[in-house]
Amino acid sequence: MDLIVFWIMAPVSVGAAVLMLLQRNAVYAALFLVLNQFTLAVFFVLLDAHFLAAVQVIVYAGAIMVLFLFVIMFLGVDRREALVEPIRGQRGLAIGLGLLLAAGVVLAIGLGIGLARAPGPAPGGDNIEAVARVLFTDYVFPFELTSILLIIAAVAAMVLARRKARGLPDLADEAPAGREPERVP
Amino acid sequence: MSSFPWLTVTVFLPLAGAVVLLALTPLPRRRPEAGGYGADDPWRWVAFLVSSATFVVSLGILTEFRAEPGFQLVEEAGWVGPLNIRYVLGLDGISLFMVLLTTFLMPLAILASWRVERQVPYFMASLLALETAMLGAFVALDLLLFFVFFEGLLFPMYLVIGIWGSGRRVYAAVKFFLFTMAGSALLLVAILFLAFRSETALGGMTFDLRQLVGMDLPATTARWLFLAFFVAFAVKVPLFPLHTWLPDAHTEAPTAGSVILAGVLLKLGAYGLIRFNLTLFPDASEDFRGLVTTLAVIGIVYGAVVALIQTDIKRLVAYSSVSHLGFVVLGIFAGTLQGMSGGVIQMVNHGLSTGALFLIVGMLYDRTHTRDLARLGGLARRTPVLAGVFLVVALSSLGLPGLNGFVGELLILLGTFDASRLPAVIAATGVVLSAIYLLWAYQRSMHGDLPAELESTPDLSGREYAYMVPILVAIVAIGVFPKPLLDRIEPAADRHVRLIAVEPSSADVVRAAGGD
Amino acid sequence: MRTPIAFFLVVSALLFTIGTVGVLVRRNALVIFMSIELQLNAVNLTLIAFSRQLGEVNGQVLAFFSMVVAAAEVVVGLAIIVAIFRRRVSANVDDINLLRW
Amino acid sequence: MTDLIWLVPALPLAGAVALLLAGKPLRRIAGGLASLLVGASFVVSVLVLIDLLGVGAEERTVAVKIFDWISVGSFEAPVELRVDPLSMVMALTVTGVGFLIHVYSIDYMHGDPRYSRYFAYLNLFVAAMLTLVLANNLVLLYVGWEGVGLCSYLLIAFWFERRAAADAGKKAFIVTRIGDTAMLIGIFLAFSTTGSVRFDEVFGAAGGLASGTATAIALLLFAGAVGKSAQLPLHVWLPDAMEGPTPVSALIHAATMVTAGVYLVVRAHAIFEASEVALGVVAVVGIVTAVYAGLSAIGQDDLKRVLAYSTISQLGYMFLAAGVGAYAVAIFHLVAHAFFKALLFLSAGSVMHATDGVIDVTRLGGLRRRMPVTAASFAVGGLALAGIPLLVGFFSKDQILAAAYEAGRTGLWITGLVAAFITAIYITRAYLLTFEGEPRSELHPHESPALMSVPMAVLGVGAVLGGLLGASAQTGRVQRFLGPVVGEPEAHAAAGALSEVGLSVIASAVAVGGIALAWALYGSGRVDWQALRARFGGARRALSRGFYVDDAYGALLVTPGKAAASFSASVLDTRVVDGAVNGIGRAFVRLAGVGRRLQTGLVRTYALAFLLGAAALVLVLVVRT
């Protein structure tokens, strides 16, 4: 059962990732990424990480990807990327080196732990409880720190993205009139 | 010994001030419409008060100091444990006056930059950060800690020259930066080499100067290390032929930058020669004495000769620094107590008189908007006080007895003469030349006909009095009664001289013979 | 039969590589960003797989933190993209090459 | 009272400080205050002198230490004053003449915009000069030495709006500093070989010095004296120094500062005597200068420049005396010269005051009728200078010539007589052209006010009666007083065939002859001196330019020096030294030019490099396991 789910999900996952890469339109790319993330959530379940599976769906596939889509819309939906690669050798080298990297990692996994080795026994008890216990005892301080990180990030985003700041020259305003953002109808 | 961490407080107070200044940056300006910063904006006052407070604290060091040869007020703490890099501060009679000179000049330099209008908070913060770095370098006893401070001062100085300078400021700043960086790269390598060496030689890696002193080095190794340290410090001093960054940096830097550069930064080179080259490699110092002395003498004469025909008064003063610092190095490497004491006190004197000369050049420039001597003249009639101040400072710089410059020059030449006569005799021509170029500069700016456009030049303002009077007082006080300084310098100088002076000087021989 | 951990790791490696290639070949800043997310997710998968292999939850906690950081990063990164877009009217990273010699 | 000797330099110093700092509020009383302080200094000196006379001749040397100044290791240079007959004679001369000149200046400088500043400098000068003569070690002496040089600079360039004055001041300072630096090296050598700079120890050790070392020290010190006392070849600054106010010329460039060199040689005579050649050099330089400057004086048309060259010439006389070992006589001539030369200068100043600055003798004439006091003063001073019997100059000059003769240096004696002859000519010429004959231009001179006349009268009395103090080289009061310091005057060593009286007669005859000749040329009216001027124009120009020594310096030293300096600055420094550095820099720039092509600015290129690294790392990892 386990293995069947995996073998269904793995091609879907990799395929979604590849398709994401091939989309010229950012919206489609985002949607394929969402699909990919759902498959990852399934993998998490298979690995008995129920809590993270939920987080993956809610935070990643939900919140973050919505943010992406929002920005895509904001910047204009139907901007298309040109297919011509301006940097000579970039595409070939990238794919070649990428394959090399993948091969290397797979080889390392094979050499390191063996491809067919069965996993250890599943931990008993409630995964959510276990995670919570560790998170709020051993890692409570980093956990609190993340809240600060998020606040800073939120503030930073506001500062960076706001249109006009008091006392500071507005970046957009300084641009010459002819370079106002042109919105494609 | 008192438990109060005098040195740490002195060193880091300015840095704290700089942080406060930066934090205060968003304070409203009083005259935002003018585009610049108004005269009564708070940042200048904050900077001035912080640097003055630092001076007051450093006076505390003076009261705690005893006239003994060793390091005092030592503070130690761990820093980078695995490498045994430690936070060790301490000072002796040599560094004491360097610290005092720094803390003394900084408030005056800040007062002198009241007219800086661009980016005032950042300017002041740079100056204060610079002060911390300089002070730290003077009191650090851990080699790596010293290096951190030594390098740390490059950046604020680079900013000060590059942002608030004049004319070709970026060129000058980059030149300054590259020269000193090139030297300190060698310094870092040499420090690391020493530390790794200590792991086997002393049974544990250390960067502590006091422990490294006792390390035995093969003669050849010591010579190479000496050269590495020497190049780093010779650039800073600067010794001929590594001096060419100095006229550019001095000329383009803003007044405060020139004052600090001439007054303190150059001393760091000479200080490093004493503190590290002589202390760590006494035998190699002995071997290279001839070379160093030759370079110093060339620097003295060469700097003076080139100064003779400068028409830019700031460049003239800059070249005079090359000449005067040659005296300092000459004294340090004379191998006599008089030479060493003279070298140290001359560092203080040069800081005061050349610092003051740059302040005066700044005042002249503020009034006339030119540094070209050909366009100045006759100002003594309109500005008698400025002329008088200029004259006193120029006389101090050319070594008139009764003013501070004489004490140092006399001791240096005397000490050098006692050890080796020819260098002293050649160096003495520098005394004549300095009279020529300084009086020439004075005459060209103050005497003769007054150009029509300078007819309404104002004399000193209250603020200008405030920063010139302390320097003048110090100039006269050291000239008339140098004993308090000499008494404190002498034990430390003696300790260093003993490292390199194998045979007693001829005067001492005579004296000993007479005593029998 | 339980799926061997190595399978997950291999999938993770593939996803990571795809993400890497995406970063390299795409020019739309947003898509590059998505590729980076893909890489992050791949790493999360690895973390959780190892966590499962070792039978403890520390790896999951680490993955959790990585998600938080990723969230923060996305927020700031997107803000930067928006700011750049305002200024240069482009989301093409090849247009942003001020930082060269 | 001796302990209060520090008051002597301190009082004028206090005056200088007060006037410098508070010149404006003190403006009205500046002159009075300054004169008063110098007068007080004089009184203290007199009291110390009385103390000194009260003790035995051998106990008349007292050292008063005031504070430690510079002391490092074995080197000690305290601020220590020396009270002995020599220093007291000098101190009395300085304060006495100084006081009179201060008083004279009150009226002379009246109305000058920098009135307070003038008196501040003058007071500072007196303080420095007193430090010089009272110092008990070479370094403190050097302090005074440089101090007077500074004041000389300040006062010569006092009217700095005039370029000539500013240049002259600078020249004076720099030329004397050349000598000073040599002297400084002499001090170092003395310290290096004797282990001290205190007079007692240095001079005490002089006898034990190797002859070469003693010569070196002596000649180096003498180089300082040559600079300060304007002897050949460093005399060029003194004639130019006449750009300063005339009382300054009287005080600094006639009575006191320029005599410091003589004082130094006398003070350090032990070292000079330890050397075989030093004294000879002193005597020869002195006599050559005396003749040279006397000839130059004949060619001067500017009254003050006549007096300047005259001063140089008389200083040469003093060095001659010192060079033949007649130290007391040298000092006596110094004192005598201070009186009559100050008198001459003050008279010249009086003329300037009356003629609104016209001082060219070819444009003056006939002033005696308008200014009888001034004319009489000048006449007395001139006669004293020429060495007419019973005036002070007669005794001192006569003793110098006698000393040279008795030392067996007949050549020096004869040359000295020539110099005396020339002296009589030029001073008579100056007097006749200025005060006698018909006025040669439309001037309306008037006699000077009392504050100027009285000091002149006092100095005149001194010039007349001064001889009483030192009528004979053996028995004169001054000479005997100085005896313990400079060695007792030697008993009459009749080395030559002529008796002392005979020598005096010859010297007097020479002086009278000179005066007669000058009168014949310039006063009798029988010779048209203006025609002579035109006829011997070349010779006159050579004389008036001091045989072109100054011009030679300009052509041989200053111009090439400037060229060398500008070569150093513009070629050597920027091209060679900085050029080497820039060359290295350029090489790196070229290298970097290749490397920086990698920095495309494209993020994706960088990321590719990133990936390259990552892949390489993974491969390494795999291969190793």
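Note that the chains take the letters A, B, C and D in the order they are written out, and that residue 1 is the start of every chain.
Heads up, the rule we're going with is that contacts are C-beta pairs under 8 Å (C-beta built on N, C-alpha and C of every residue); 3 or more make two chains touch, one makes a residue touch a chain.
As the structure is a prediction and not an experimental result, all values here were calculated from the model.
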Query raised in the report: Comparing A-D against B-D, which pair counts more contacting C-beta pairs?
Result: B-D
Query raised in the report: Taking each chain's centre as the mean of its CA atoms, how far is chain B from chain D in angstrom?
Result: 37
Report summary line: So, in whole Å, the Cα centroid of chain A is separated from that of chain B by 57
Query raised in the report: How many angstrom between the C-alpha centroids of chain C and chain B?
Result: 53
**Report entry** Distance from chain D to chain A - Cα centre to Cα centre, in angstrom
**Finding:** 92
Query - Per-residue overlap in chain D, given as positions that touch at least 2 other chains - result: 600, 602, 604, 608, 611
Query - Residue numbers of chain A (touch at least two other chains) - result: 87, 90, 93-94, 98, 101, 105
Requested in this report: Scan chain C for residues touching two or more other chains and write them down.
Outcome: 20, 24-25, 27, 94
Query raised in the report: Tell me, which pairs of chains are in touch?
Result: A-C, A-D, B-D, C-D
Report summary line: Contacts from chain D onto chain B in the complex sit at residues 20, 67-75, 114, 117, 139, 142-143, 145-147, 150, 153, 157, 160-161, 163, 166-167, 170, 173-174, 177-178, 181, 184-185, 188-189, 191-196, 201, 205, 561-562, 564-566, 568-569, 572-573, 577-578, 580-581, 585
**Report entry** Footprint of chain C on chain D - complex, ascending
**Finding:** 596-597, 599-604, 607-608, 611
Report summary line: Within their complex, chain A touches chain D through residues 87, 90, 93-94, 97-98, 100-101, 104-105, 107-108, 111-112
Query raised in the report: For chain C, which residues are in contact with chain A within the complex?
Result: 1-11, 13-22, 24-28, 30-31, 33-35, 37-38, 41, 44-45, 48-49, 51-58, 60-61, 63-65, 67-76, 78-83, 85-87, 89, 91-92, 94
Report summary line: As the complex stands, chain C meets chain D at residues 20, 23-25, 27, 93-94, 96-101
